[in-house]
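Two complexes are shown next, each including chain A; its partner changes from chain B in the first to chain C in the second.
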Partner chain A sequence: MSAAMLDIRDVSKVFPISRGMFRGGAKLTAVGGVSLSVAPGEVLGIVGESGCGKTTLSQIMLGLLPPTTGEVTIDGQPLKSLGRLDIARRVQPIFQDPYSSLNPRQTIQEIVSVPLVVHGIGSSAERAKQAAAMLDLVGLPARFLDRLPSQLSGGQRQRVAIARALILKPRLLICDEPTSALDVSIQAQVLNLLADLRRELGLTFVVISHNLSVVEYFADRIAVMYLGRVVEEGPSAAIFANPHHPYTRALIDSALPIDPGGGIPELGLGQAFPDPINPPPGCAFNPRCPAVRPDCASRMPRLDAQGESRVACLYPLERGAVAAPASA
Partner chain B sequence: MSKPATPAVATTAPESRPAPFRRLLKRIVGNSGTLVGGGLLLLIVLAALLGPVFYPQDPFAQDVANRIAEPFWNGGPAIHPLGTDTLGRDYLARLLYGGRISLLIGVLAVSMAAAIGVTLGLVAGYFGGRVDLVVRFLITTRLAMPVVLVALSVVATVGNSLTIVILVLGFLIWDRFAVVARTTAMQVRGIDYVKAARAVGSSHARIIFKEILPNISNGLIVVATVELANAILLEAALSFLGLGVQPPLPSWGLMIAEAKDYLFFSPWLITLPGIALVLLVLAINLLGDGVRDITAPSGTR
Partner chain C sequence: MATVLDIRDLAVDIPVEAGTLHAVRGISFAIEKGRTFCIVGESGCGKSMTSLAIMDLLPKGAVRRASALSLNGRSLADLDNRAMADIRGAEMAMIFQEPMTSLNPSFTIGDQLTESLRRHRGTSRREAEARAVSILRMIGITAPESRMSQYPHQLSGGLRQRIMIAMAMMCDPSLIIADEPTTALDVTIQAQILRLLKSLQSEFGTALLLITHDLGIVSRMADDVAVMYAGEIVESGPVEQIFRDPQHPYTRGLIACLPNRERRQVGGRLASIPGTVPSLVGSFTGCAFRERCELAIEACAEPVTLRSLVPGHQVRCIRAGAPIEETAA
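Moving on to the complex of A and B:
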């Protein structure tokens, strides 16, 4: 993994929380000691429920938030040593909601060519030509150039956002829930577009999603996050076929069955998501874990190799095991 | 950058709507307040700008033989349609010229206030944190200062002139611009297109002026109209108190002040500039309300 496209090592992000004038400030650990690495051309999927630190991690990877500890390297260069424009040329984001990621006051041409203006690339005629070429690449006709975002549908807007992200020719794209805000029929189109672009341009992707089927379709490797930490990480096929962490297992089981009579799956994850300001002691998942054992609340598991994956669980599930409550 | 309005495009577009400009025009025509206010304001501005060109009387020439001449409806001389003031100066000429002064002071003071307030508000709303703390302190400090008292002390120390009045007003009415710019900038700051602009490597200045400012301009335009009316009224009040425009210059507030001794015997002297002032402020306020309604998201009726 020496030639990793993106390498993050021991990255944490702690936000100070103000609780009013007379109580001391609290600390919220949004991301705690995450190490991940993405090879060139690979797609890493990051999954986890809302509030687990996925979006904070994506902001750190984009250089928009400085990590509290740890280091991010892109293409062998530490993010800290790169300037604003250098980072932008290497990594670009695609946001969840195409209704808020495009400035409503700018035409599509302005939106797509802004990166070129900021980086001082080309004359205005060349920029217009490049913008048209980018629209063509993402499957939009050039006549959209003069339109405003309000005249486009959600899927078209997301294509514009992709065109803007690609015009600087970055090698890494960070997609934060790229399809969650779209209609189901449009989701597939956008995913296919991303897959085509990946093949044509040799892009590396980090795809953040709570939607397992999106990640399963798109990702080579998957990292599962829970409360700011990676609890399981490995090849996509292995994770889906043989999840080792009870949380991964529950996430996979939580996907709704296609059979409408199947009902909503019962996961045995009774409690709500824990308060990230006061994380539970030991393994953070222990209050909700269906296979919890007594020492889970006192010992913090490390991310250790388990088969093809790495798992942070004291008692990882074996192949084919069902997440049933342990008979204690 | 013309809008594509050919029917071929409209039929293939996912949602074919009328071009934005036509939609806007429709909204303006549908809003009677805007039409009345805008029309009236246009009339006053044209009269103030072009009136002195076409109306031959000199607003400063004294015709002492014709002091306090009656206006035409009281059978006054035809040479002074709205009569003359206490020094025999033509009243219509002074009204037209005074309109220029009022508009000049209003527009310059509001532009200055907008420049100060919008800059402070944008910077505070965008950066937040300590910058915001400082700007909030400046806003509260400004709100704690009574305009007339500050104007009084400034005029007492440096004397009064047109420039001083404009400067004093400009430095005293920026608070609403700052408050509105700050809150709206805070709302816009967290939206994804601002994050996208940052990720693309845009400088802070570029984000503030290209991404945020265009998206908060609607509210600022409404503030500008309110403050324009406010500035014109303040100027009239300051002039009435003798703290504003200096006497040979005709200002509506000053004309009211000069005419107050003649209220009972020559009421038109005070009524005419009063009506002019009311119409101007009313026109600006109607236009401002109209702009607010038209640009509101639910502005289509």
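Moving on to the complex of A and C:
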């Protein structure tokens, strides 16, 4: 396990919530006891819906938020023992929205070489040369160096964001919804670029997305999160072929690939979306679970090995089928 | 079957700094009672401007032209603001992408649900509230009576979008226009909302104009499909036909570049469409896709009309129908 590029051990993040003067504080557990490991050169996909803690987890991995408990190590180094610049040399983010993540008043050359300036690397001539090399790497012509972000399309901007992330030669990229703001034809261009970079540079990726088909296309392993916890984790192919957690099953069914006349599947999920401040007792998914049984509301499932995966469910699905619910 | 919406040669021009942006460039389609018509395309293709043009809700300065624009046989083209306001929310209703910004934060759900019925039909508050509660119950909202006194910020995104749908249904409209109704929602909620739209439609025989960028949703919701590119319909026809035998290189490209399991292989690449959409500011002739098209020839710079290959299936491409090599992997 010491060979892992990224190792997350029992990481939790609890935010104090103010509920006004008279009600006292509350605690929101955004991430609860997550352990994940990513091997060098591997792509880990993290999927889940809004509020599942995936973005909080990405900020912890980037060293932008300290975890309340637990430890993150990158390439064998605990994150908390590293300074900000040391972290930035090892891990870089790519964000969702290339419209708000680039400074509109800076030229592309300035944007891409900012990390070199911050780290005091090279003369200005050398930095310009490196910025040009990075643009070439992400498939943009050198004439873009003098342009402003407003003169670029969304896909071109995301390439600029990728060039900026790569200029310090990090070994790990954390991509939070990297293509969600892009049109599908452009999404394919960016996914191809990320796949090329992975192959050419041996990069390790964590890709966070709500879009299962993007994750399925790109990730070797997948972790499914629900209300701050990993509910299923395993090899991408195994998860998609044979999901064991009813929530994973529902996510896969709701992906809606092209199927003329196929209709919209009934997921059997209730609308009772849980309150993260007062999570339901037992399994957090139990109020929405189509396969819920009585003790799901009292016993908290652990993340246990199931086939090639790990699953947090008291009654994991066999062969991806929803088990008949216990008669009420 | 009764035609609910009939549009011919709709164009929308928007004045911008550099000249005139031709956002919609002459599109025609019709929707029958109880049918779902999907417009699919990427950002800037004119699909949202089309829906706003139908509702007469275009941004200030935008100019709408059409040789026909009628709802249930009545022309909307020359109606003044007051007459259009009588139709909006009553005969046709719209569901927008972002339920938080389309609900008024300072009024209760009950106020907003009953407004259209009271305004358009003069229904009493009590009757309107009774209908609102029954619609909320029908679309699967628990404890509908207590929802009526809640404010939008007290509801989740999925619930808000259900409220938007309930609001659209209040006056039993013959047409619902839904512009990216589930794009802001989580995927499991998206499936629930789409099922809800389908079931309401089959119950009330409402015509649905669904505007989306998502081909998967189109394939599962639509009876008929129009693919828009750069302000024009480039291909249209019955959903089975469009997906089984797409003819326009753009439609083919869109379908091919979706990531999925079959396309995943070590070192495998997704098909992608090179380049970007042309600027629609100023005059433009010829096929708008030709700069990105592998099949483009010189003649593609000449104006291209929609033509039928088989009845009901139309395509705006002079190369369609010719034997086409598989697009590059």
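As a convention for this text, the second predicted complex is superposed on the first by the 317 of 328 C-alpha atoms of A that agree within 3 Å, B and C clash if a C-alpha of one lies under 4 Å from a C-alpha of the other, contacts with A are read in each partner's own complex, and residues count from 1 in each chain.
Following the convention adopted for this analysis, contacts are C-beta pairs under 8 Å (C-beta built on N, C-alpha and C of every residue); 3 or more make two chains touch, one makes a residue touch a chain.
None of the values given here were measured: they were computed from a predicted structure.
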Looking at A:S153 after the superposition, I want to know if it touches chain B, chain C, both of them or none. Which is it: first, second, both, neither? both
Does the superposition put A:A133 against chain B (first), chain C (second), both, or neither? neither
Just checking: does A:I277 make contact with chain B only, chain C only, both, or neither of them? Give me first, second, both or neither. neither
Of the two partner chains, chain B (first) and chain C (second), which one does A:R84 touch, if any: first, second, both, or neither? first
Once the shared chain is lined up, is A:M300 touching chain B (first), chain C (second), both, or neither of them? neither
Report for A:E49: first if it touches chain B alone, second if chain C alone, otherwise both or neither. second
A:I17 contacts which: chain B (first), chain C (second), both, neither? neither
If you stack the two complexes on chain A, which partner ends up touching A:T107: first (chain B), second (chain C), both, or neither? first
Both chain B and chain C touch chain A; at which residues? 153, 156
Residue numbers on chain A that touch chain B, as the complex places them: 62-64, 84-85, 87-89, 91-93, 95-97, 100-107, 109, 114-115, 118-119, 143, 146-148, 151-153, 156, 161, 164, 168
For the chain C and chain A complex, residues of the former touching the latter: 42-43, 140-142, 156-159, 186-192, 194-195, 198, 213-217, 219-221, 239-240, 242-244, 253-255, 257-261, 263-264, 267-274, 276
In their shared complex, chain A is touched by residues of chain B numbered 1-4, 9, 13-15, 17, 20, 191-193, 195-203, 206, 210-211, 214-215
What residues of chain A sit close enough to touch chain C in their complex? 49-50, 153-156, 183-189, 191-192, 195, 199, 210-214, 216-218, 240, 250-251, 253-267, 269, 271, 273
